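My questions all concern the structure below.
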Amino acid sequence: MIEIITTGGTIDKIYFDAKSSYEIGEPQIENVLREANITIDYRITPLFRKDSLDLSDADRELIKKVVSESAAERIVITHGTDTMIKTAQWLQDVSGKTIVLTGAMQPARFRFTDAIYNIASAITSVQLLPPGVWIAMNGKIFAPASSRKNVAMNRFENI
Amino acid sequence: MIEIITTGGTIDKIYFDAKSSYEIGEPQIENVLREANITIDYRITPLFRKDSLDLSDADRELIKKVVSESAAERIVITHGTDTMIKTAQWLQDVSGKTIVLTGAMQPARFRFTDAIYNIASAITSVQLLPPGVWIAMNGKIFAPASSRKNVAMNRFENI
Amino acid sequence: MIEIITTGGTIDKIYFDAKSSYEIGEPQIENVLREANITIDYRITPLFRKDSLDLSDADRELIKKVVSESAAERIVITHGTDTMIKTAQWLQDVSGKTIVLTGAMQPARFRFTDAIYNIASAITSVQLLPPGVWIAMNGKIFAPASSRKNVAMNRFENI
Amino acid sequence: MIEIITTGGTIDKIYFDAKSSYEIGEPQIENVLREANITIDYRITPLFRKDSLDLSDADRELIKKVVSESAAERIVITHGTDTMIKTAQWLQDVSGKTIVLTGAMQPARFRFTDAIYNIASAITSVQLLPPGVWIAMNGKIFAPASSRKNVAMNRFENI
């Protein structure tokens, strides 16, 4: 069983016209998995709906607690890209679990988006990787300690 | 020949991840018309990239000037929905031209959007309506003097 | 009230993998109208699921009978493009009703399709045109007697 | 470097209206990888544009030859689903290479498709799996010898 924890981020951004502002909506990962006719066993736990710049250390502690107490040994976390590496490092000392973080540069609700690809990459890699914390972005698997978000190029890369 | 004037609004909203804010991007109407394989003669004049709440009366005067001086007798204006009716009324005394305003509640870049439908409705109705100013939204043609945006229901309706 | 009669055609084509063949599925127009948040009053009558090359004269008689007996004065017919003009001419002597035929070159289920635009064009023009039979394709309104499908260019045009 | 060999199948199906028949078009995988902003190093080798029911044993020998002679140690093959397992087994004795086959139940050109997910799953797993031949479908990784396509359920499953 794969545990999927959603924390918000661009991947779940939605537009509310009345307010003329974008906010983070319901987790989109379930729609993506259904569209792909996935037969793996999974459970989705919506935890936050936050831009990752707004995640506090207390929020990260809660993510860690949920991850640690989950019955699942394989965990995917959807997360905003700006502090994804920080959260990944926060989880480094969780033992015995394979944890993969992913997100998107373009919302899943867009006609053109990297969200579907990135979710597939995370769900696939969490089944194959050994215990530890990993980031699935831009078609690659990154170790948090040796990766960064290149803001100018809008992508993740190895240091 | 149909003159298409773009002023911004939700229809052209785009997301910039680095800034974590939504801004108004390039007019999307050209992509929509190309995808539908349209053979009508048209010209696109990008005028503003503004949320319609940010359009000033001076901006409306400029729209009016461009509309009045256009060689075209049939004009479509893409516009944010919040002040679309106000701009339509501003153009009421332009004579001899059929003017149709449209916009969208969901950006054209979304996988699910009313933008394609609304653009088609405006381009179709501008060819058929008599001179005057009209609004094409929610599958209907509205006269500005007797319509309103129902913010709670997120749609246009007759008064 | 607008009566929408669906007869099949490319607009409703769907792919069944097990059979490795494309067939005509459920009418897609309802999905398109819902996505655009349309507030007009309409009713959908699914009549055939046929490629328009397979429509017989008896089929056209049935379409004519349904159109004639409908309580609605404004009628949209979704139809394959290959014989759309023939069916339009078949309906020429129905009096007192505005009838607009439309279809698509690319199925509505495709990510890139002219189906949404064409449906919007038909629903918009049926509200504005006088009684008679019309074709809404490629962004224009055609009279059946003076139009043709240009197969090489894959579009409708005036003769 | 990942070598991507395309052989056709539903994933690349395209519709030609003039002929009123579906055919297999250009490989779609490049569009999918570009949309996801992938930074891995890859090369695409288009080999066939065939429905997998039309692939002969000679075709499979050619696939095997191209795989064997490729400089790449990690190879993804896009393939129709009906004989994907047969081709996978044909390649079983290629040594020293990680080979992942994938395809789609719904064409990549559809608005709703499993193609993007499956391509991501193949590209991700080919980077992580040991040498051997694998199938990436329905969110899982299958060993060819113990899997089958369930035609009635339209999905792959373990025997």
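By written order: A, B, C and D. Residues from 1 in each chain.
We adopt the following convention: a contact is a pair of C-beta atoms (placed from the backbone, for glycine too) under 8 Å apart; a residue touches a chain by one contact, two chains touch by 3 or more.
Just so it is clear, the model here is predicted, and its values are computed rather than measured.
Chemist: Going by C-alpha centroids, which chain is farthest from chain B? Tell me that one.
Modeler: Most remote chain from chain B, centroid-wise, comes out as D.
Chemist: So what's the Cα centroid distance for chain A and chain B, whole Å?
Modeler: That gives a centre separation of 37 Å.
Chemist: Could you tell me the distance, in whole angstrom, between the mean C-alpha positions of chain A and chain C?
Modeler: That pair's centroid distance is 44 Å.
Chemist: Spell out, as numbers or ranges, the residues of chain B touching 2 or more other chains.
Modeler: 105, 111-113, 154
Chemist: Each pair of chains that touch: what are they?
Modeler: Pairs flagged as touching, ordered by label: A-B, A-D, B-C, C-D.
Chemist: For the complex, which residues does chain A have touching chain D?
Modeler: Touch list, chain A to chain D: 32-33, 35-40, 105, 112-114, 116-121, 123-125, 127-129, 136, 138-141, 154-155, 157.
Chemist: Inside the complex, what are the residues of chain A that reach chain B?
Modeler: 10, 13, 15, 17-18, 20-22, 51, 53, 81-82, 105-107, 109-113, 151-152, 154
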